[in-house]
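Order as written gives the chain letters A, B, C and D; numbering starts at 1 within each chain.
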Amino acid sequence: MRVSFFLIISIFIFCSLNAQDISFTAQDNPNDDGGAILLEWTVPLSFPEMIISRSIDKENYIEIAAVTPLLKKFIDDENIEDRQQYFYKLSVLNIEGETLQSFSASAIAKAEWFNTDKISLLIMTILLGSAILYFILSARKGKRLYIRKISGLDTIEEAVGRATEMGKPILFVPGISDLDDMQTIAGLNILGHLAEKVAQYDSTIHVPVCRSMVLSTAKEIVKEAYLRAGRPDAFKPDSVFYLTDDQFGYVAGVDGIILREKPAATFYLGAFYAESLILAETGFESGAIQIAGTAMPTQIPFFVAACDYTLIGEELFAASAYLSNEPSQLGSLKGQDVGKAIIIFTLLVGIVLEIFGIHFLKDFLATH
Amino acid sequence: MAILMDRIGIWVGVFLTFAIFSFLYKDNPFYKIAEQIFIGISAGYWFIYTIYNILMPNLFIPVTSDFTHNFILLIPAFLGILMLCRLIPSIDWVSRYALAVVIGTTAGLFFKRYLQSDVLNQLTATMLNPFATSNAAQIAGELILIIGTITGIVYFFFSKKHEGAFGVTARVGIYFLMVSFGAAFGYTVMARISLLIGRLNFLLGDWLGIIKP
Amino acid sequence: MRRQIPMLITFLVGTLIIVSEFIPHKPFNSLSTSLEGWFLIISGFAIILGQLSLFKVNIIKISRKAPNWPYFIIALVSFSIMVICGILWGTQQQPGLIPVSDKMLNFLGYKPFDYIFRYMFENLSATMFSLLAFFMASASYRAFRARSPESTLLLIAAVLVMLGRTTIGSTLTGWIPNSLGFLHLPNIASFIMKYPNTAGQRAILICAGLGVIGSSLRIILGIERSYLGGK
Amino acid sequence: MKIFERFLHIDRRIIFVLIFIGVALPLIWTLGFNLEVTENVESVYNLMEELEPGTRILISFDYGPSTKPEIQPMAIALMEQAFTNRIRIIAIALWPMGVQMCNEAFEKVSAEYPNIEYGIDFINLGYKAGGMVTINHMAKDFRGTFPSDAGGNFIDEFPIMKGINNFDKLGCVISLSAGDPGLKQWVMIAHDTFGKPVGGGTTAVQAPTMLPYVNEQQQLVGLLGGLKGAAEYELLINKPGFATKGMDAQSVAHLIIILFILIGNIGYFATRKQKDLTKA
């Protein structure tokens, strides 16, 4: 009974071998550095099992893999030498493991000099790279680049004025990341501007930090700001101080300062994690004017809801460039704006083309 | 015996859990002790796993077992030792050589990957024909997606004043950003509550046995 | 010497990594592959550096009798115990210097390293973050006000998502007939997530992506050097 | 009007207690609200279902005990589905604690699947640092990144690792992630560079930022977001577990928080009106 069943199946498969389009091809695996051959096949899904074997002399075949029709392709990258011809055999087996039929193909592996899948990426790299570089260079040559005023920054002066009137201090929190995070650096740039205003108004500022590297840099920045304001004598070195490296320990410390000192204004500018909501809540309860800025997408909501002004994402970097007036930052920002313009333009063109059923642009850009 | 030690372990865990929860009332010595144990164990765990899972299999064993094929690994090992020189203030500048390799690799990879995934692919993902379906909600949704993405980008445009038609566009953009921040807020609430559920499951299940853990 | 050579290294390495994307041919791809393998080893040393400097900072704090110094002894002791257990008896899969006796395994149920991890560390770590559930609740109540059109929009979206992403959403609006299916809270939440939220997040993603591109380029070309620190 | 003043100044400890009770009670007495499966979760399920038996997939454990309640149920559900369908799992971790999370999930699941053998159907390759760079390295030289498994045994000894030199022979990549490095990096490398389907689960905090990747290019095939995502997956594989049990508590806690947001805002507007009147 079983035998006849297998016989029928085998005959069925054998018939279908001839009846349907069957193909088996081998070629160099494209866009790589050699050492791999791409095998592809289309065979009826009814085939139970297939074996791929490989040979270099067309005689001694070694089995390399068992595959199924659904896989459709196999990349052979085991001990393949470039510029050597390899012969492949795809053998279709019946349920008892006997070879019913086999197909052959051959190929030579080689390395490519250019990855053709990456043309769109290359074009964008060149476009964006040169836009950013061009503006950095022209800013360095002294060209004035316009950056719009970031609305939260207007409040710095107002906040310092209010603090002076009330005789209360200002609190600045530079986030909990170290100097390797661009957000911390952007925050410290704004601190420089803020401290200058504080020195001019003869107000006080507290800067608790949680990294030793940030401590020394922040101290330096505040000191310089007092110098610029012409009041180096008024600088108090212990206005910038280290609390602890630990996330929650730091938050507990800052909370304590807010509750004790009741600052007139609080600034949270830098990289923040889960502690953002605890800080924003305590500051809100104490009635301070709150100004925040971070590029952490998960933390922005808490600042937006609880603070008077929030610099959202890239605005933090823009504010830093605006205040520091550093050519490389301004130029880079301008170059990125050109990038945004290119993207909006391409997007609009792409959507119009899509509506008219032309998929060329999308397909060209979407390759990977 | 293992059952006894399991019970003891659970009691220790319960003690530590309450020591940390006591922070909700106010900062206190129990919290501080638990916090320092946490920091210490965490650092020890990282240390041991870095040695067993990275430095041994990817450096020491290849170099010691097959030196001729792997002597090139002495370069990263040397750079790694330069990195450790940060601990000695007088020669901490040598760590910059190692840092330069790390930063250079990261910057190069970030450049091409962010360009591909976060710029190019997001751009093509927004190239939609909103009128391809007859489902009203989907048409509305895709139009919202396109308008929201474009106006959102306009909001982050810094070299032009937000006034006139441009200002209105940026204004629409900020509304979209606010909706996504609201969604993020809702999700964060969900995440934090889930963590508390996990804790209560431990207290009520593993410890008190009121519920099946 | 102290700044120029590191900048040159950053430039060469960064350029090689970018170029290898477009030119797979030898030596570009193979060089960048080995470089990435080295990166793993250097990162390993960087982690060790992090733990050792924690050790160092704590010792300094204790020797200078900094505020709360006795607590730092606890951190040092727990660090040392963990490292010693790890080296002597190993971790769950990894054998240590001394073979673990069956007696010990029967007694503890796990190796000492894993015992500490499972009963102490897991509870500490999980509780630390579950504190946020409470803070989240009180911050929502005390600080989240519909003060402006922006924050109103934020709050409405938040409430809809909070209702829609739990079982309560489907229970509350389950009675609404299917013809008005779009009014079901889970569907509203899904719509918000799929369209306006994605639009906003995508705008942030694209602009932040351009920011990363800008700063990577500045670092590779040696224009941005803050990572090298002072001196 | 005093009542509105009081609305603004409820002691936070009262809120703490209410949240505690609101989460605890539904855990003890379940309410049994019903659950609906969403599109993104179903996509991950279908991705796994469509794999042929014997296919190898990579699961990356990029989280630790701090987010275990949200992500561990996903890991368990995915493992159950894989072992039921005879899908073979290569587990790695980009977070050191992920190694232990993987061990714990495997211990729990393998108890129900006695014929699952380590080294044939499952392997834990342990932790590697370096995030995105390391993913890129393993995509080109897998055996160079992972010369041995988590216990230090050479991977050549294990049948499951036969022929794995890069991502080519993997059916898909799943990342269970709580942050960086995690799912975002897997999307960038495994899918956007090497064309492997990537699915995953994240904490609810991460989920909204990952959604732009779920698009028609399938940068990300689907996404399980937080405990709700895990509960939906448990429903799909028909094995309700921790996540399903937690959904009631989740709902009640959300209601309490929404209630307090409302109280706060009512108090805010009422007292503001009052202040405006007195000013006038």
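In this text, a residue touches a chain if its C-beta (ideal position, glycine included) is under 8 Å from a C-beta of that chain, and two chains touch if they have at least 3 such contacts.
As the structure is a computational prediction, the values presented were derived from the model and not from experiment.
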{"item": "Most contacted chain pair (by C-beta pair count)", "value": "B-C"}
{"item": "Most distant chain from subunit A by Cα centroid", "value": "D"}
{"item": "Chain centre separation in whole Å, for subunit C relative to subunit A (CA means)", "value": "14"}
{"item": "Where subunit C and subunit D are represented by their mean Cα positions, the distance between them in whole Å", "value": "14"}
{"item": "Centre-to-centre distance between subunit D and subunit A (centres being mean Cα positions), rounded to whole Å", "value": "20"}
{"item": "Residues of subunit B whose C-beta touches two or more other chains", "value": "23-24, 35, 39, 45-46, 49-50, 52, 54, 58, 105, 109-112, 114-117, 119, 121-126, 128, 146, 149, 153, 156, 177-178, 180-185, 187-190, 193, 195-196, 198-199"}
{"item": "Two or more partner chains touched - positions in subunit C", "value": "18, 21, 29, 36-37, 39-40, 43-44, 46-47, 54, 94, 117-118, 121-122, 125-126, 128-129, 131-134, 136, 138, 140, 142, 144-145, 150-151, 154-155, 158-159, 162, 165-166, 193-194, 197-198, 201-202, 204-208, 210, 213, 215, 217, 227, 229"}
{"item": "Multi-chain contact sites of subunit A, meaning residues that touch two or more partners", "value": "121, 125, 128, 248, 297-298, 301-302, 304-305, 313-314, 333, 339-340, 343, 366, 368"}
{"item": "Pairwise touch network: line, ring, star, complete, or other", "value": "complete"}
{"item": "Subunit C partner contacts - residues on subunit D that touch it in the complex", "value": "10, 12, 15-16, 18-20, 23, 33-36, 38-39, 64-69, 97, 100, 103-104, 124, 126, 128-130, 133-134, 136-137, 140-141, 144-145, 149-152, 204, 208-209, 211-212, 225-226, 228, 247-248, 250-258, 260-261, 263-265, 268-269"}
{"item": "Subunit A - residues contacting subunit B, complex", "value": "120-121, 124-125, 128, 145-148, 246, 248-249, 252, 297-298, 300-302, 304-305, 312-315, 318, 333-334, 337, 339-341, 343-344, 346-348, 350-351, 353-355, 357, 361-362, 365-366, 368"}
{"item": "In the complex, subunit C residues that touch subunit D", "value": "29, 33, 36-37, 39-40, 43-44, 46-47, 92-95, 114, 117-118, 121-122, 125-126, 128-129, 133-134, 136-138, 140-142, 144-146, 155, 159, 162-163, 165-168, 170-171, 174, 186, 190, 193-194, 197-198, 201-202, 205"}
{"item": "For the subunit A and subunit C complex, residues of the former touching the latter", "value": "31-34, 111-115, 118, 121-122, 125, 128-129, 132-133, 136, 179-180, 182, 185, 212-213, 216-217, 220, 245, 248, 274, 277-278, 280-281, 284-285, 295, 297, 301-302, 304-306, 313-314, 317, 328, 332-333, 335-336, 339-340, 343"}
{"item": "Subunit D to subunit A touching residues, read off their complex", "value": "52, 163, 165-166, 168-169, 191-193, 195, 205-206, 209, 217"}
